[in-house]
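One structure, as structure tokens, below. Some questions next.
Per-chain numbering from 1; labels A, B, C and D assigned in written order.
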Amino acid sequence: MGIAATEKRSIGAFIWDYLTTVDHKKIGILYILGGGFFFLLGGLEAMVIRIQLIEPNNDFVSAQTFNEMLTMHGTTMIFLAAMPIIIGLMNVAMPLQIGARDVAFPFLNALGFWLFMFGGILLNLSWFLGGAPDAGWTSYASLAMDSPGHGVDFYISGLQIAGAGTLMGGINFIATIVNMRGPGMTYLRMPMFAWATLITSILILFAFPALTINLFLLMFDRMFDTAFFNVNLGGNQVIYQHLFWIFGHPEVYILILPVFGIFSDVFSTFSKKRLFGYTAMVFATMLIAFLGFMVWAHHMFTVGLGPVANAIFAVGTMAIAVPTGIKIFNWLATMWGGNITINAAMHWALGFIPSFTIGGMTGVMLGSAVADYQYHDTYFVVAHFHYVIIGGTVFGIFAGLHYWWPKMFGKILNETLGKITFWLFFIGFHLTFMIQHFLGLMGMPRRYWVFLEGRELDLGNFISTIGAFFMAAGVIVFLYNIIHTAIKGEQAGADPWDGRTLEWSIASPPPYYNFEQLPLTRGLDPLWIEKTEGNGKIVPGEPLGDVHMPNGSILPFLMSFGFFVAGLGFIYQVDHWLGYIALYGGMAFAIGCMIVRSLKDDHGYYIPKEELEEALVEREAD
Amino acid sequence: MKRLLGKTKLLFLLSFIVLLLAGCGQENLTALIPKGYGADSSFYLIVLTTIVMTFVFLAVIIIYSIVLIRFRKKKGREDYIPKQVEGNKTLETVWTIIPIILVLIMAVPTVLATFDLADASDADEHINIHVTGKQFWWHFDYEKEQIHTSQDLYIPVNTKVYLHVKSDDVLHSFWIPSLHGKIDANPENVNTIFIEAWEEGVYQGLCAELCGLSHSLMDFKVIVVSEEDYDQWVQDMQSVNVDDESLDAVAQDGKALFEENNCMNCHAIGSPADYAPGRVPVGPDLTNFGNRDKFAGVLEPTKENLVEWLINNEELKPGNHMKNMDLTEDEAGKIAEYLMQLKHSDVTPESVKD
Amino acid sequence: MVNQANTEEKVNAYEQERNKEEMKKQVISFALMIVLTLISFGLVASGHLESIFAIPILLMMAIIQVGFQFYYFMHLKDKGHGMPATLIYGGVWAALLTLAGLGVISWW
Amino acid sequence: MSIDHSLFPETMPSNPERATLEGKNKFMGLWFFLGGETVLFACLFGIYIALKNSTAGGPSSTDLFGLELVFFMTVLLLSSSLTSVYAMYHMRNNDFKKMMLWLGITGLLGIGFLACEIYEFAHYIIDYDFTFRSSAFGSAFYALVGFHGGHVIFGISWLIVLMIRNARRGLNLYNAPKFNTFSLYWHFIDVVWVFVFTVVYLMGMVS
């Protein structure tokens, strides 16, 4: 199934192929496409927010629209853009990095993607069906219950469906890494990105149930008049805050740990050096994940939990700075003494260090409870988490995309355009958010629809908005780069970066079965070891034989569609009996698909040994 | 690339200068010029943590710059393969121990300050005010003095004042940046903080938790007056006599209209005999309304504004719960005149500003 | 269905013996679990104990029972259960934190 | 390896449920899922504990709960745990018929448990007018116990589909992991119930 074969097939067959695929690489690409689409949407919402705040007392949008924009911007960027793109990169790279032919549950993998996609679409349908959710991305209970219309119901249903998909993805990745590492690939020989995937997936597994429950409670309260958060009946909305942040704080690490993995791989590849202090890096990642679970209440310092709780959570929060610091210094030490190639991917990685350090600094500052009484819910916090999420996650995603683009599509993204993107985005980013630290302390709370004249906040907001335009320009250049590369890009070989890990030992893009023979890993950075100590080729870890592959299936798509319809019906069942039809019909359809899946045995198929032998010979000939 | 780099530097320089010019923000609004006990505690920690963190940042940036200058790929040695270093125990220990020490330096004062600000053991000996947040205004109930006010909070200078904060609908957060950090107004429990202002003046208060459409317009004022003035104000407020007003004719008409339209169903104009502890009116208490620094949180207290508000408040403050009374401009003018003449004390925001 | 024909010899004798041993242990665990349940219910039914004493005892009983479930019924003690155990304990840890957060802090 | 996964005495592995990669994946996947479920139920328990006393003037736990029914339900569910252990014992001995028999008993016990729970809820609603709208305590109670009941319903449906599908096939390496994952899930339901009856009913009665 080479590129030539793909081109010959009709568009319909191509789309059908992607609708039914269970191949982790294609699902990864779907995730990146879907996440990319929502990233643009979230970016657009961000631009509306910044334009509204370009001058005091502006009336570019109404208060209602503004609240919808800020809610959807946050929700979209976190749940529908950053996380899916990261999961996409994991899907593409992780199985290749550990020498596996696929993930543990290819069917679930596809289901996870389609659930996310339909959940995202459901959430965004709210724009056309009477207004988007308007209670903030946190959707705190008392306000969310107060919110009229169906906006918050869309938030609940959409996130519930997308969240289920993410949870599946998490379980899938853990099982893959535990069971399917190639021969010789011990845990402590896995690339940092694979480690990050493992630990992130564990975080997803433990964090998402809290969100699921929280959304359920909010749903019951809004639709069926239960009393979880209804103060008059003894309810307590602080519970919502706790559960939200028990999920929400690990979520922050779900966003950042994978890109730590990406940066580790990128730094070591382009410095031509082994990752400095690999073991320490692994344990630092674990420690961050572990501590990350115990500090959720630092989002709630002003709730009035009392000095004991505030003090404990303050100290815990600051403690996270230690393992994070270890990582930063280890990256610097990786580059120290190296031979550093500064290309587009490396630009993002290098831009990350100072940006993220600032984000980490303000993070520690926020951990100081009493100081946080001033920072909390102001633009200081907005600046902080954008420094972490853009300076960390988004930079990491860009680095990862530039790094693995040749592996995914066989072409290298244009370097010059890549660097232009970086500089526009980098400048715009600091312009937008640096000033917001000061705006916050000068008395600008977050989620303010307007700020008043004569409060000396005008200039800062103006600069911030200008910065946002720079970032938008950077993204547009990146989009142009994708098209440009697709048409005119240079063909990439199997190993364009002089890579160190297993994914660079096979063709770009890889054959659908990944490895003819599973590779033998003889140490950390297996390809590098073979390059310096062997003949540059990975030694096979198993004899050539038939390879078992899973069959594609349209069921994940149909099942997710069923849940989508059911979700829609659920939102409207309070208004109209047609809602019940959609609810039960969609549910029945989805469950029907599930039953079909369990009743129909799907044993997959085998690629005959001969076909693989041919492929091997062909590769030798190149 | 060089040119671009140059431009970056210029831009950064520019934004830095801009920052200096902007200074620390508006006095009596910014948290960067603390004028009270709580804000000062926070500010001390802000400065301390910033200094420690800047130290870390500099360490990172210095190593980072050296790396970028010394170790980037150079002409003539493109194929150089560096030594594959596994790690370095001593170095790694150093950059584990030093951050731990730095964290301790920040953690100890934080814990001390946290307990210090939460100590409410002497609340009985001081002024106690019950603060209630509502969409989108604040109500103040002086426990011992038996006074209700809305939107303008009068307190004496250099005195501890205990605030017991709660919400009557959704979550709000009570924030006076120059005097004290935030405390959430929860619907299910009361949070207690104390504030102590060190300078007379009118301070800006804000709501810091998204609470609906007019979240950004939920302002209030803290009017810090001298102790004598405070006592005077309390006395004035306690002796308000609603019926015995020196109103002019227009205002008398306005008063009649105010009663005709049942405005008092929501808005109390407090005769002290009506005082009910813990009562939160449906709409803001209008006692001493003529002396408000702003009305509806953000509007200048002029007659035109007030008329506009009475006729078209949804436009001025979206989502507010005031009913539209279908008043004519003339009627609204009379009611506005009445309200503007409700000056029950000579201690006013204006008198403090002078 | 070749295996169905030969009902006498579905598994070799050694395996069969081992499985039987295992089963014996499981029946014993079940008996113990029933006893623990009885003690718990009896404790509450008698109504003698103050809740300060009763609650820790009840919780202890529950934890022991769950230990039997996990280790005997669900074979967590067997080989190849390292990762499941790790993640279950991870889950338990996260669960304890959640309980601490909601149980203790919600009361404040 | 062929697609036919039939089991023969001479090739029968000691752990048929984990003999293939797919089986191992299913086994791991389910355990990891249970790790997540632990947190899910912890959230519900946390909410219950936090809202236990928020009865808003309605009936409280001491007014409502009776020990007899709960004890009976506990015995039912505990026994169903043992019967599913028996089923797995016969699976390892490659005795398909006995495995199905014990699984069937497991399912029946599960249905019995469910019937009791429905009766219990109906009793509270009709006799005490205690619904999930009555008070925060009511909401939390029905959410926790109902979520557990929902898991039982799902388990029974899963078991029925599994038994019907494999009724005529006999045991093989393809379906052995499926039976095993079901049994693990069923035990976990029992684990949760142990805490439900301890925390909700017993602790609700002492205080």
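We take it that a contact is a pair of C-beta atoms (placed from the backbone, for glycine too) under 8 Å apart; a residue touches a chain by one contact, two chains touch by 3 or more.
Bear in mind the structure is a predicted one, so any value in this text is a computation, not a measurement.
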If a chain touches subunit A and subunit B alike, it appears here: none
Whole-Å gap between the CA centroids of subunit B and subunit D: 52
Just give me the whole-number Å value for how far the CA centre of subunit A lies from that of subunit C. 37
Could you tell me the distance, in whole angstrom, between the mean C-alpha positions of subunit A and subunit D? 33
Mind pulling the residue numbers of subunit C that touch at least two other chains? 83, 87, 90-91, 94, 98, 101-102, 106, 108
Indicate the residues of subunit A shared as contacts by at least two other chains. 174, 178, 205-207, 210, 235-236, 238-239, 242-243, 246, 304, 306
Which positions in subunit D touch two or more other chains at once? 28, 32, 35-37, 39, 43, 46-47, 50
Every chain pair meeting the touch definition is listed as A-B, A-C, A-D, C-D
Touching residues (chain side subunit B, partner subunit A) in the complex: 1, 4, 8, 11-12, 15, 18-19, 21-26, 29-32, 38-39, 41-43, 45-46, 49-50, 53-54, 56-57, 60-61, 63-64, 66-68, 71-73, 77-78, 80-88, 91-92, 95-96, 99-100, 102-103, 106-107, 110-111, 113-115, 117-118, 167, 169-171, 173, 175, 177, 180-184, 186-189, 191, 204, 206-217, 219, 298, 318-319
Help me check something: in the complex, which residues belonging to subunit A touch subunit C? 174, 178, 202, 205-207, 210, 236, 238-239, 242-243, 246, 293-294, 296-297, 304-306, 309
Sort out for me which residues of subunit C touch subunit D in the complex. 1-4, 6, 9-12, 15-16, 18-19, 22-23, 26-27, 30, 33-34, 37, 40-41, 43-45, 47, 49, 51, 54-55, 58-59, 61-62, 65-66, 69-70, 73-74, 80-81, 83-84, 87-88, 90-92, 94-96, 98-99, 101-103, 106-107
Contact footprint of subunit D on subunit A as seen in their complex: 104-105, 108, 167, 170-172, 174-175, 178-180, 205-210, 212-214, 216-217, 220, 224-228, 230, 232-236, 239, 242-243, 246, 548, 595, 598-599, 601, 603
Partner subunit B, residues of subunit A touching it in the complex: 62-64, 67, 135-136, 140, 142-143, 146, 231, 235-238, 271-274, 276-280, 302-304, 306-307, 310-311, 314-315, 318-319, 321-322, 325-326, 328-330, 332-333, 335-342, 350, 353-354, 357-358, 361-362, 364-365, 367-374, 376-378, 419, 423, 426-427, 430-431, 434-435, 438, 441-443, 445-452, 454-457, 459-460, 463, 532
